[in-house]
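Every chain is named by a letter (A, B, C and D) in the order it is written, and numbering of its residues begins at 1.
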Amino acid sequence: MTRRFGDTELPEDIERMLRRAMRLEWLSIAFLVTAVTTVYLVMGSSQAMQAAWAEDLLSFIPPIAFLVAVRVTRIRPSRRHPYGHHRSVGIGHLASALALLTMGAFLVWDSTTGLLSQDHPPVGLVVVLGHEIWAGWLMVAAMIYTGIPPVLLGRAKMPLARALHDRVLYADADMNKADWMTALGSIVGVLGIGAGVWWADSAAALFISASILRDGVRNLRVASGALMDERAQTYDGQDPHPLQHRIEAVVCEHLWVDRAAVRVRDQGHVFHVEVFVVPARGAEVGVPALAAVREAVTRLDWKVQDVVVTAVEELLDALVEKEHGSAQEHDPSR
Amino acid sequence: MSVRVRAASSAACVALVGVLSVGLSACAFPYDPEHTLEKVRSDALRVGVSENPPWTAWPDGAPVPGEESEPSGVEIDLLTGFAQTLDADVVWVAGSETDLMAQLDEGELDVVVAGLESTTAWSSHAAITTSYAATRDDAGAEIRHVMATRAGENDFLVALETYLLDQEVAP
Amino acid sequence: MTRRFGDTELPEDIERMLRRAMRLEWLSIAFLVTAVTTVYLVMGSSQAMQAAWAEDLLSFIPPIAFLVAVRVTRIRPSRRHPYGHHRSVGIGHLASALALLTMGAFLVWDSTTGLLSQDHPPVGLVVVLGHEIWAGWLMVAAMIYTGIPPVLLGRAKMPLARALHDRVLYADADMNKADWMTALGSIVGVLGIGAGVWWADSAAALFISASILRDGVRNLRVASGALMDERAQTYDGQDPHPLQHRIEAVVCEHLWVDRAAVRVRDQGHVFHVEVFVVPARGAEVGVPALAAVREAVTRLDWKVQDVVVTAVEELLDALVEKEHGSAQEHDPSR
Amino acid sequence: MSVRVRAASSAACVALVGVLSVGLSACAFPYDPEHTLEKVRSDALRVGVSENPPWTAWPDGAPVPGEESEPSGVEIDLLTGFAQTLDADVVWVAGSETDLMAQLDEGELDVVVAGLESTTAWSSHAAITTSYAATRDDAGAEIRHVMATRAGENDFLVALETYLLDQEVAP
């Protein structure tokens, strides 16, 4: 079966990457189930372990959001959804960001009160297979187990997120890659309890919660930017997407075009493009001319899914930013 | 044990866990933030006793401050045995659960016995030990009996738990 | 100062309504501060009162989201935000919906466990100004105080939400209007405690939590529909917005238009419109013809903010739905 | 009082609150789901006592089951007075706080006294009364003294609180 994003049939290599990303996300979910169970069984009264457990629970959201979004975006556009369902990616992203933010804020508050009220976490013996062992060693072992696989998963997902232009996948990969810090933080907290430093546990919990909160703020900014029809950015929300300039360049190659500017909406995986053309003096503006530009832009990249070309007398101020030179003049020598 | 030696053995423990992380309960980890186990060894085990026969009782009535009285009961015998393994004397303090838990939280006591059960409401105020014995109530549900130690004094907690798990208690 | 939504200067009557809506929302916030304080002081261990308090706390979100969104949407479009900031309304709406959903789910769980574990809420005496009085009467008085004003506020906001096409305001008005049910539910719960019916309190709490949860689900559907670029709906998300058909009718009045279809994006307060025109055989498609259609559509309503007109050979399938007859044929007799 | 009369007066209360909603504590509201106050009047007040002088004490030692013993203390005097206003006998039951709270939760006791303080960890297991007296601890912080009644028996709770608030207690 060929996968689609709405009306877009995916190129073969992109489709292969999408399949791989889906497999990785299923693998992440399977791993998280074991991790959450393990940590729950050993966490006891260590605040750092409880914060790490909460983070593991939250880690379920991005893989699930990704898998759901891939399914939903395949639905073809209809009269009720004339732009397709790509935006479901963004909504899933926003929801994950809000979950991170809320949980992060709660945990920061919780570990701060733990620190201020000078909670001394008790960690005693457990009996495992007839052996008496200090429960802290079990916690350390659990955190070593839960700390390593996410880093590998995150490294595998990162290039796919870049190629698929998927912000949810990127957010997931980014959180995975940072997961070893959570694990190390918990280990330091537990060893701190063992070394008789009572505040080490709350401090480690505070560190972990702050990192959850920071993830939430960063993701919220990127997700709401995309949903607010911000200019298309790269998958990590750091830079304007290079496709915009490539489109403007291609449009200006047409002879009837004097000046042109584009607006790009990031729909999730794909882009919706509006091209504004100021026609050259005396040039004929007809359906064929408009269609030629549309096809040239569509051919540029699989991500360009929906192109509307219109002719105008003047370009909107908001689209022309002189210092970037993005609204390109047509070169009359061609 | 000097501070330097403790720090070194602590570092050794951290290193060890990186290599093996199994079967290390023999290692001196964990330590007490307030050095309870050390103080018990050099001074005395301070036990809060709230009456709850057959676990704890004041056969001659609870002592008012200044008066001397010896408690009895299953848990009293257990703690007497534990103190012997540490070569420590025992100081018995009478009081209500509420009072004793407050004193435990402030470090004026090392352990509180009151026939506590594992479902006790005090688990957020004190460190509850593993259960050293189980009985059944009238409805046949299992009751697991525990003691309370000062929260965070994990070396002392582990020492007491190790002792309790070695005992055969049949109330 | 004339208020704007992005580039749109508002008509005078709409601007007056916007000012009125802002005043009402400030009033709501002021009232909520007193309500939250009152209920917190008297709620004691009644689960129904605690659920009502949580609902009052959540009621802060829509007014704040509305006031913030009105400020943000006034920012003019820029190169980074070529479509303006209208979508901030939708993001605020989605965030409120998720808050309602989460809190509702938590409270349903909490009151269900309260019911199952047969919590018998204790409500004893309080001493007020030297008089001993059963605390339940205070709770009833507090709920009467917090139950009535929201209904009046909600009734005042509802027509403004309709005229301003503001979904956050609508959601807020709708929740306000239903607030008396929460108050009545709590009163029944408290009187139930007094009458010796221990489960009345948990049951009332369950009823209130379920209504919070239902609000969350309904708002989530509407908010994510708007953010997913669904066809523009009316403010309550029940029907397609009538403007779409009016635009299609206006476009078809132009002589060079054979057939036409429109896509409307609901940006929050305003609409972004794309018009696809199949020109009549032999008609000239030029910048003036496109501009004439654009201006005709823009004049239709203040809500139409951004119009792009393009000429195409064929209309997209997704835009033409025969049974609705929305893609209108040009009447050749004109 | 017959069930019909109770229901009618209950309906009257609801109607009244719609009109006035102030100063209605004289009204028979609230009722007890398990009719504790009625049972106390017709039968006896069953009090759980855990020793905590000067509030509660067993001068002759806590009684084992079958044995008779009279407690003493500030809270014992208060409850004796309360029982007199209800024309009720008192049954004193000894036990640890944990045991007594479990019995209270199951309805085998009506009230538990153990020199409880308002900060008690039992507030999620029992209904805590308003404080009937305040003292200061060694650090000068206020300690507010309370009793515990069975959760949800609000008529009984209000009756006890009304009695306690009328007393001048100077421990």
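Simple rule for what comes next: a residue touches a chain if its C-beta (ideal position, glycine included) is under 8 Å from a C-beta of that chain, and two chains touch if they have at least 3 such contacts.
Just so we're clear, the structure is a prediction, and the values are computed from it rather than from any experiment.
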Ask   = Smallest number of touch links from subunit B to reach subunit C?
value = 2
Chain whose Cα centroid lies at the greatest distance from that of subunit B = C
Note = When centres are defined as mean Cα positions, the distance from subunit A to subunit C in whole Å is 27
Cα-centroid distance, subunit B relative to subunit D, in whole angstrom = 33
Query = What whole-Å value do you get for the distance between subunit A and subunit D if each is reduced to the mean of its CA atoms?
reply = 58
Ask   = How big is the gap, in whole Å, between where the Cα atoms of subunit C centre and where those of subunit D centre?
value = 50
Note = Note: subunit D residues in touch with at least two other chains are none
Note = Expected list for subunit A, residues touching two or more other chains, is none
Query = Classify the inter-chain contact topology: is it line, ring, star, complete, or other?
reply = ring
Ask   = Chain pairs in touch?
value = A-B, A-C, B-D, C-D
Query = subunit C touches which residues of subunit D in the complex?
reply = 10, 13-14, 17, 21-25, 29-33, 35, 126-130, 149-155, 157-158, 161-162, 165
Message = Touching residues of subunit A toward subunit C in the complex: what are they?
response = 76-85, 87-88, 90-91, 94-95, 98, 102, 224, 227-231, 263, 265, 267, 274, 276, 279, 285-287, 290-291, 308-313, 316, 318-321, 324, 326
Task = State the interface residues of subunit B toward subunit D in the complex, per the touch definition above.
result = 50-53, 57-62, 64, 95-99, 101, 114-117, 120-122, 124-125
Inquiry  = Residue numbers of subunit A touching subunit B in their complex, please.
reply    = 119-127, 131-134, 136-137, 140-141, 144, 191, 193-198
